[in-house]
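Order of writing sets the labels: A, B, C and D. Residues in every chain begin at 1.
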Amino acid sequence: MLDLTTQIGTLKLKNPIMPASGTFSEDLARVFDLDLIGAHVTKTITREKRSGNPTPRVCEVRGSMLNSIGIPSKGVEAFLANVIPFYAQYDAPLIVSISAGSADEFASLCEEVSVPGVAAIEVNISCPNIEEDGKAFAMRPSTTEAVMRKLRNATDLPLWAKLTPNTGETTEVAKAAEAAGADALVVSNTLLAMAIDIHTRRPKLGNLMGGLSGPAFKPIALRMAYQCAKSVDIPVIGCGGISNLEDVIEYLIAGAVAVQVGTATFIDPKIMVNMVDGIEAYLKSQGLHSVSQLVGSVEDGEVSDGLVFMEAAP
Amino acid sequence: MRTMALETPDTGDEVKPIHEVDCVVKSNDRVNDEYRLLVLDAPLKILDCEPGQFFHLLCPISGNLQPYLRRPMSIYGYYPDKGELHFLYKVTGEGTAAMATMKMGDTFNVLGPLGKGFDILPNWKNLLLVARGVGLATLAPLALEARRLNRNLTAICSARSKSVLMSLDYFRDLGVNVIALTDEDATSSVENMRRIIEALIADEGVDAMYTCGSNRILKLLQDVGKSHKIPGQIALEQQMACGFGMCQCCVRAFHREGIIVNERVCTEGPVFDLQEAIGC
Amino acid sequence: MLDLTTQIGTLKLKNPIMPASGTFSEDLARVFDLDLIGAHVTKTITREKRSGNPTPRVCEVRGSMLNSIGIPSKGVEAFLANVIPFYAQYDAPLIVSISAGSADEFASLCEEVSVPGVAAIEVNISCPNIEEDGKAFAMRPSTTEAVMRKLRNATDLPLWAKLTPNTGETTEVAKAAEAAGADALVVSNTLLAMAIDIHTRRPKLGNLMGGLSGPAFKPIALRMAYQCAKSVDIPVIGCGGISNLEDVIEYLIAGAVAVQVGTATFIDPKIMVNMVDGIEAYLKSQGLHSVSQLVGSVEDGEVSDGLVFMEAAP
Amino acid sequence: MRTMALETPDTGDEVKPIHEVDCVVKSNDRVNDEYRLLVLDAPLKILDCEPGQFFHLLCPISGNLQPYLRRPMSIYGYYPDKGELHFLYKVTGEGTAAMATMKMGDTFNVLGPLGKGFDILPNWKNLLLVARGVGLATLAPLALEARRLNRNLTAICSARSKSVLMSLDYFRDLGVNVIALTDEDATSSVENMRRIIEALIADEGVDAMYTCGSNRILKLLQDVGKSHKIPGQIALEQQMACGFGMCQCCVRAFHREGIIVNERVCTEGPVFDLQEAIGC
């Protein structure tokens, strides 16, 4: 028997494929049985209702996309009333993504969503910390640690910290999240980018800039996932540009125990299911019997810490 | 002005499966200077469509044309009997340019049908459709549906020039009363359109109005609709990523119950109430 | 008459197209007349001979590439003896790219290459600062400022500071370089990334990780160039993923006074010449008469500083 | 062991222009289970080649095959008289798979000719070529050149099986003495090869040896070359980006004057001195 399960702290997933926050919703149930994938991850919610950023919220760049959705949110009440019951019909664990502008608001939202039906909480700490200088929490180890400590006190559920690729201190931030009690890291959110329409000379996104996701982003997020897996003991969930089976395998080999698939679902809505099937076939073809045999199996030899943790290209 | 986020997916409507299918291209010919008609050999399961719905198309990648995201395209025609799905499109950028390179026998991946189509309520007998340019692609299936339901349809079709006025024969063959207006004849002004519509209302009467796209026409029909209490619907466009509700890319703002609400064009639309719509 | 010239401090280029360091050499003279482009930029040199990183030094990622060349260098003597005389036969100004492991070494190399035939010095401060904690100089404002001050004292030639996209403090670093006397910024060097061969499970680069360049990198570097142009008064030279005329125009509109073309030359060795011709045709078609009319013409409206200088994707 | 950086471009050789040209595909057929022969209609200016040189090919982009960098490929044949350029290639990944999709009449962009080819010194009368697998593609033009210069050429061709042994007829037609060895016949071992070579040396004598690729063969020929003082050359491969000297991606290490030097395969090579080469 092939063992596709993967362990993320106390949570065991039937397979390592799950959606990335903001690229998944109840609507995908119209395409396939949502119990075929390892977990469900909601779009980030905030406590209050929010309408999100101005349109256009998406634009295409060569072989990838930028988005500036922001975090439109129905608010926590609507979420508890409508979304959690919807996912209750599935066996796959529900991961709720949350965000807030201050550590205290973050903690109180975290408490509010720590309800039955929720298996873990993913904290989107790539949003600006309005109490400090407006920098996103996950830009710095200190702010990451501070917010994660408050969140840790606010819930007994597993806490996944979702990192940002915009920091120059990836491994320091990863270690800070671990030190403050995160149960897993999601690596990572989108990378700040921009596109300008040369005909109108206007930014292609209504919000001026947005986040790069999709294939172009993969080598960057993969590097981060690898660096994080090398620097912390908690599990790392890879995320960024994963578009096909090979990408999934690459992240697992790099050290991710599971992956999140985002933009690729927009191109091929069934891709996650195909990946689950593909992993099975791949393990078989390689004479392996479990996903965990792949995780972290990168042949990086006696590589020096200087290389593993380098922060600029050589 | 308060702003409010949208509500969860319509619970009233039944939730139909969405199909992702490889179709075979039957033809892909130029219909005039600007537009092309794509005819696909399509399986029955994706031909259970409503006028106003759309598909999300995976444009081919070849050479310098490397579109990444899918492209939304209204259903121009769906024919379960002959197993055909038609799109009428204008080449405007990378994706549509890539579509234009497709040849008979090529495979083309489509996702759909998607979105909420036009309504034709039982008591709507005299229908009026006002379209400009490629908007006709979106409104054409209404003509077929009107005939199926035995309604009277008048179509005011406006375009830059006669040579890009499309679908007129198509409409006439379906018994539609066609009124063609062009910029080159100087007949397409808003004032002239208003005169024509007012005359129609005075003559046979109009029970519902349908349009899409143009801000000028939206404004005009909102005026006319308000003064004569005629309901209407509009098909809107917005940049899309997922095409069926997940990404929140495609929102537009609407007036509703005194506030402004955001709705997803791909899911709550692309067809919306005429009076609630806000131009852009 | 169309005016293609662009002014970079005291230096006037006949057009805004030049190569990016490390993607250009004397060899390109076999493809076109090197006087057709605005300037010549050498591969980064170090004082001593160096052999560079282990192979493979390049790998392909979706629509782009990673490299880990490192800085193989013939040393400053060979450079002065062979390279400078070669470029002396051309009118286009020669920009010499230099690097070193400490601020003092940097300064002394800077002095050594401040010779006739050199029009400006580009400082590749994306390399590790071996005196501090091994972080690249350009990762932080403080180390950027320190090294730029020493360099400023070491030469009277124009100094271009080449930034790294791996920092989380792009605009702070830009301002630090300006404060320390940089005459222009080159934005930017490559972004740290990784790829793993799923068959051998080995990193695709001999050096474990490398720098992403090419089309995938464009929206990121463009965002940085825009942010830098908004935050400093010295000219910004755009660099990153520029592959065709549209990309050149996009960078100019974003605020770059000139651009450097790297990876694209590997795909199409004549691309820089085509871009020069293309700019001319473009200006004509737009009824413009000079490149400077394009520079910084982005229609970003009354955009708030909060948006312009944001550091994580919204 | 000291390591030293490479010197500036060979100043001895004249510096020829490099051409980037769109060619038209004349044919692109499978020659056996693993290899394809691409025949291009090529302009004269790119056909002034030397055996051992290569072109840098811009593989087509289509569907899921989206190679980005150019691919280096040895010249398998160049025929100024008929205006043809030939490549013999094995489909190993995205780029070569994309090449395999090309059809007669397609356009194909090539850059070259590039690199330094094989030498045949005036006093080298009896030439020996030892090749394995696709290495033949690189060595084949030597046969043509040997005939032009009226030298004797023996080719030891080794492969997995008879069915992938290529170019044998091509060689025979050029008057080459062909010795075919295969794994399936168990004739391709290094020991057997050594025996055969030693016999050749003892019989007619060997003035120069040429090979490419395989580490085992390199080692064998270095041994034989040293003990019999026979000079030789080897064509090497390395990952490339630019293909003509700018990027420093393609270096390999060589023994030279007691130290290890790095040389660019694309510019100082791909043909190098046999004894200086270091396997990988």
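Assorted remarks:
By definition in this document, a residue touches a chain if its C-beta (ideal position, glycine included) is under 8 Å from a C-beta of that chain, and two chains touch if they have at least 3 such contacts.
These numbers were taken from a predicted model, which means no experiment stands behind them.
Chain A and chain C have CA centres that are 32 Å apart. Distance between chain centres (mean CA atoms), chain A to chain D: 47 Å.
One simple way to say how far apart two chains are is to compare their mean CA positions; for chain B and chain D this gives 59 Å.
With each centre defined as the average position of its C-alpha atoms, the distance from chain A to chain B rounds to 36 Å. Contact of a single residue of chain A with at least two other chains is seen at positions 61-64, 67, 69.
For chain D, the set of residues touching two or more other chains reads 66.
Shown here, the protein chains touch around one cycle, each chain meeting exactly two partners. Pairs of chains that satisfy the touch definition comprise A-B, A-C, B-D, C-D. Across the complex, chain C meets chain A through its residues 53, 61-64, 66-70, 126-128, 134-136, 138-140, 164, 166-169, 189-196, 198, 200-203, 207-212, 215-220, 222-223, 226, 241, 243, 246, 249-250, 253-254, 297-300, 303, 306-308, 310-314. Every residue of chain A that touches chain B in the complex is listed here, in rising order: 22-31, 43, 49-52, 55-65, 67, 69, 72-75, 78, 82-83, 214, 263, 265-270.
Taken in their complex, chain D has these residues touching chain B: 60-64, 66. Put simply, chain B touches chain A in their complex at residues 3-9, 15-18, 20, 58, 66-70, 94, 111, 238-252, 262, 267.
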